[in-house]
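There are two complexes below, and they share chain A, which is joined by chain B in the first and by chain C in the second.
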Partner chain A sequence: MGSYELSLVTLAAIYVMLALSLNLITGFCGQISLGHAAFFGAGAYAAALLTKSGWPLAPALVSGAVLAAAFGFVVGLASLRVRHDFLAITTMGVGFLFIGFVRKQQGLGGELGLSGIPDHGLGPWGLAALTVTLAAATAALSLHIRRVWAGQAFAAIADDEDTARALGIDVMRYKLTAFVLGTALAGLAGGLFAHFTRFIIPDAFGFTVSISILAMVIIGGIGSTWGVLAGAVILTLMPELFRFINDYKLLLYGGLLLLVMRFAPGGLAGGIAALTARLRGAT
Partner chain B sequence: MTALLEVEGVGVRFGGIQALDDVSFALAEGELLGLIGPNGAGKTTMLRAITGVIRPNPGRIRLAGADITDFSTDRRARTGLALTHQIVKPLRAMTARDNVALAAGHAKTTNVLAALFAIDRTKELARADELLRLVGIENHADAMPSTLPLGALKRLEVARALALDPKVLLLDEPLAGLNHVEAARLADTIVDLNRAGMSIVLIEHNLGEVMRICPRLMVLDNGRRIAMGAAKTVMEDPFVRAAYLGREAGDAAA
Partner chain C sequence: MLHVELTIQGLINGSMYALMAVGLTLVYGLLRILHVAHAGLYTLGAYIAVLIANATGSLALGAAVAIPVVGLAGMIVYRLLYEPILHRPPYVALIASIGLFIVMEESYRLIFGPYGETFNAPYLAERVSVGPIGAKAAEVAMVAGAIVLLGVLAFLSKRTRFGIAWRATVTDPAMARAFGVDTIAVRYANFFIASALAASAAVLVAVLNNLVEPTMGSVPSYKTLAIIVLGGLGNVAGTLVAALALGVIEAFGTIYIGHLLDRDAIAFLFLVLVLMIRPQGLFAAR
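On to the complex of A and B.
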């Protein structure tokens, strides 16, 4: 594998982490977030500043995740009480606030972004191996959550909050837990991204990125770990492999979103499940 | 007889409508109390105030001696209040058995952190099967709610409420929408539950079944308690008759 392929693997793994982390919030727990990139950015900036000031990579990445989770906790506390559509708008606002804030901070490089992020020292193979391992760990965590009691509670909340409450489930705490877990993982992905590109600008964490992550979740199949993983890989690689698509990336995502909503609301995962069911039925 | 559930001076206002006005009553341990009244009398609102979906103002609610007025809905559920909805509300994404098992696992979902590690559902699934059998829909255990007829969904509501191991079971029109035979069967199930020691408040429009199974009745009309006592006495009460007849006369005129 050349360095170009390795960089594609790394980038895809980062997006897998992002999409799976949003899937914890939106897919498992039913809370639509349109500002996920802000937490990705919070982790990226925090980790980058820390390694720039001499911290080793590992504690910087962990701190980025913790900071993003703290940010997620505050946003969650303020917005999760309100109903679904409100949450979407609130998180969108948080996303814009984040960008607006970062742009004006000289300490964060303002519009020009942060450059000169130190070499992670792992080499391209090392970084790819690290991100793939962490993406796999995120997938394993997702599969685990589906199996435990908390997963059942999340599913109940995604289905009908009032009924979940009547069954003794502390809805607010569960939503907040999903939000904190999801934003922590987005922050971790951010730290990896910052050290992968070694140069970050505010726009790398803007609204279109939030929407792209959400598109991966929906196109992959909301709530399905394997579907979302596949969706993230496909949507990351397609524009990279076919350069001509790159200029039309948003057009592609938008078109796919419309197609999925119209023809396969369950996304890739739902489509495949329906197809295998039909094939089984035919034999 | 000691009072298990005490409702004291409950008032609820929705904008210009006084849905409940200074209503008090007590449910004794092991009692089956019928709550009746014309449409819009405030029966569902009373149950919602008891379960905490809406906050009474003024009013206090006590369960087994403890004041639960300031508890959230989920905490009240864990404290021992279970409700079946007038309009069935199964969790559509899971099977009938999983619906009941989730409620049976209330002790395991109480603590979020512990729930992130607890996997074993053997006991709860067994309990779910037991309850589905109790309400007579064990053959639907693996079905998704969207495929079930209303009669089964009504029973699923009851099974799920029982899975919370409640001190008090609040039933909001469990018989509505069922045919004669189904209604009588579910009413018998309710009597069996009560005989086994469950304390129950039953809202029902099916007066025939109510008279058959409830020894004591409370009547609401326009948010006020207009009668309370032995079923027979209550039904002969001129105010109660007027409330129902007046309503029917009004409907006929409309």
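On to the complex of A and C.
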């Protein structure tokens, strides 16, 4: 593999982490978020500032994740106040607040962003291996959560919050857990991204990015770990592998969002499940 | 003096937000859809107006074509996109709408180019002043346009048979149907009116900035979502107040906390703060 292919693998792994982390919040727990890129950004800025001030990579990445999780906890508190459409707009607002704030902070580089982020010292193979391992760990965690009590509680809340509460599920605790876990993983992905590109600007964490992450979740199949993983990989690699798409990347994302929601809200995973069910029925 | 000017500037922007947001809140009130693609229709209206105005030399003709065409486009969006997914969970329509909006914006960029169109001859660029207070004629037209159009809307909804049918459908669709109201026709009319209002706002904004560009809908689209939430989703009067209030808050905010947050973030800061204190918006829906 050349360095270009390695960088694609790294990028895809970062997006897999991001999409799976949003899937924890939106897919598993049913809390729609249109501002996920803000947590990605919080982790990226925190980790970059720390390594720039001389910290080693690992504690900087962890601190980025912790900061993003703290931010996610606050937004999770908001999800206790507002639901559904209101939550969608609130999280979108949080996203705009984040980049609006970062843009004006000279300490964060303002519009120009942070450059000269130190070399991670792992080499391209090392970084690719690290991100792929972490992405795989995120996927394993997602699959695990689905099988344990917390996953059942998430599903109950996603399905009908009031019924879940009536059944004695501690809705507040599980919602906050989903937000903290999901945003921590997004923050970790952010730290990796900052050290992968070594240059970050506020717009790399704007609304378009939030929607792209959401597109990966929706197109892959909301709630399905394997579907979301596939969605993230496909949507990251497609514009890279087919250069002519790159100019139409947003058109492709938007068009797919539109078509999937209109014709197949289960996404890729839902489509495959329906197809196998039909094939089984036919035999 | 600065404060007076800021307030006026805020009310001018607020009028534009109001024209856009009232359409959105009408759609939400009737169908519980956050219609993000509304801003895509708005941009479509601006393009139709500027292209016709430049081809024929008549802005009036441009507006006269743009407004009904965009109204029809709104009906088509309802028929082809929303109607088949109304029974799905609310996020489905919201995300589909975001998808449609992105597709529309990108299509404008690919078809008309990224740099935007200007009018061959700028309209309403002269300044009018009353005593010490001055504004561009286009700004006056914006406020006057909002007052007239929203006045007509209020008349339509309060004083006509259609208005009664409309409000009845919003309040209780099943009951309205039982009383012989054609609720499906009401939905189409609702989309026509909302989209036509967006197109009117777009023509006014195009004249004011003398610029029509593919992304002109982005900022209003997300900001008007904030406004209708503040106004108490589906509440028209609340939306009007929220639109004007947000215009004024932004005008003051950019002066006083502009070094901390950019203009768009100020709107959302206000939104998040209000929602945390009053989750149902400033004014609860009916």
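Everything below uses one rule, namely that the second predicted complex is superposed on the first by the 282 of 283 C-alpha atoms of A that agree within 3 Å, B and C clash if a C-alpha of one lies under 4 Å from a C-alpha of the other, contacts with A are read in each partner's own complex, and residues count from 1 in each chain.
By our rule, a contact is a pair of C-beta atoms (placed from the backbone, for glycine too) under 8 Å apart; a residue touches a chain by one contact, two chains touch by 3 or more.
As the structure is a prediction and not an experimental result, all values here were calculated from the model.
Asker: Check whether A:W149 is in contact with chain B, with chain C, with both or with neither, and answer first, second, both or neither.
Answerer: first
Asker: Touch check for A:R262: first (chain B), second (chain C), both, or neither?
Answerer: A:R262 sits against chain C, while chain B stays out of touch.
Asker: If you stack the two complexes on chain A, which partner ends up touching A:L250: first (chain B), second (chain C), both, or neither?
Answerer: Only chain C; A:L250 stays clear of chain B.
Asker: Would you mind checking which one, chain B or chain C, touches more residues on chain A?
Answerer: Between chain B and chain C, the winner on chain A residue contacts is C.
Asker: Per the contact definition in the header, classify A:A128: touching chain B only (first), chain C only (second), both, or neither.
Answerer: Once the two structures are laid over each other on A, A:A128 reaches no partner at all.
Asker: What is the contact status of A:M92 with respect to chain B (first) and chain C (second): first, second, both, or neither?
Answerer: Only chain C; A:M92 stays clear of chain B.
Asker: After lining up the shared chain so the two structures overlap, which partner does A:I117 touch, if you call chain B first and chain C second: first, second, both or neither?
Answerer: In the superposed model, A:I117 contacts neither chain B nor chain C.
Asker: Touching chain A in the complex: which residues of chain B?
Answerer: Per the stated touch rule, the residues are 51, 53, 72-75, 77-78, 82-83, 89, 91-94, 98, 101-103, 105-106, 108-110, 112-113, 115-119, 121, 160, 164.
Asker: Note which residues of chain A are touching chain C in the complex, please.
Answerer: The contact residues of chain A facing chain C are 32, 78, 81-82, 84-86, 88-90, 92-94, 96-97, 99-101, 103-104, 207, 211, 214-215, 218, 248, 250-251, 253-259, 261-262, 265.
Asker: Tell me, which parts of chain A touch chain B in their complex?
Answerer: Answer in residue numbers: 145, 147-150, 152-153, 155-156, 158-160, 162-171, 173-174, 177.
Asker: Name, in rising order, each residue of chain C that touches chain A in their complex.
Answerer: 28, 32, 34, 81, 84-85, 88, 90-96, 98-103, 105-107, 110, 222, 225-226, 229, 233, 258-269, 271-272, 275-276, 279
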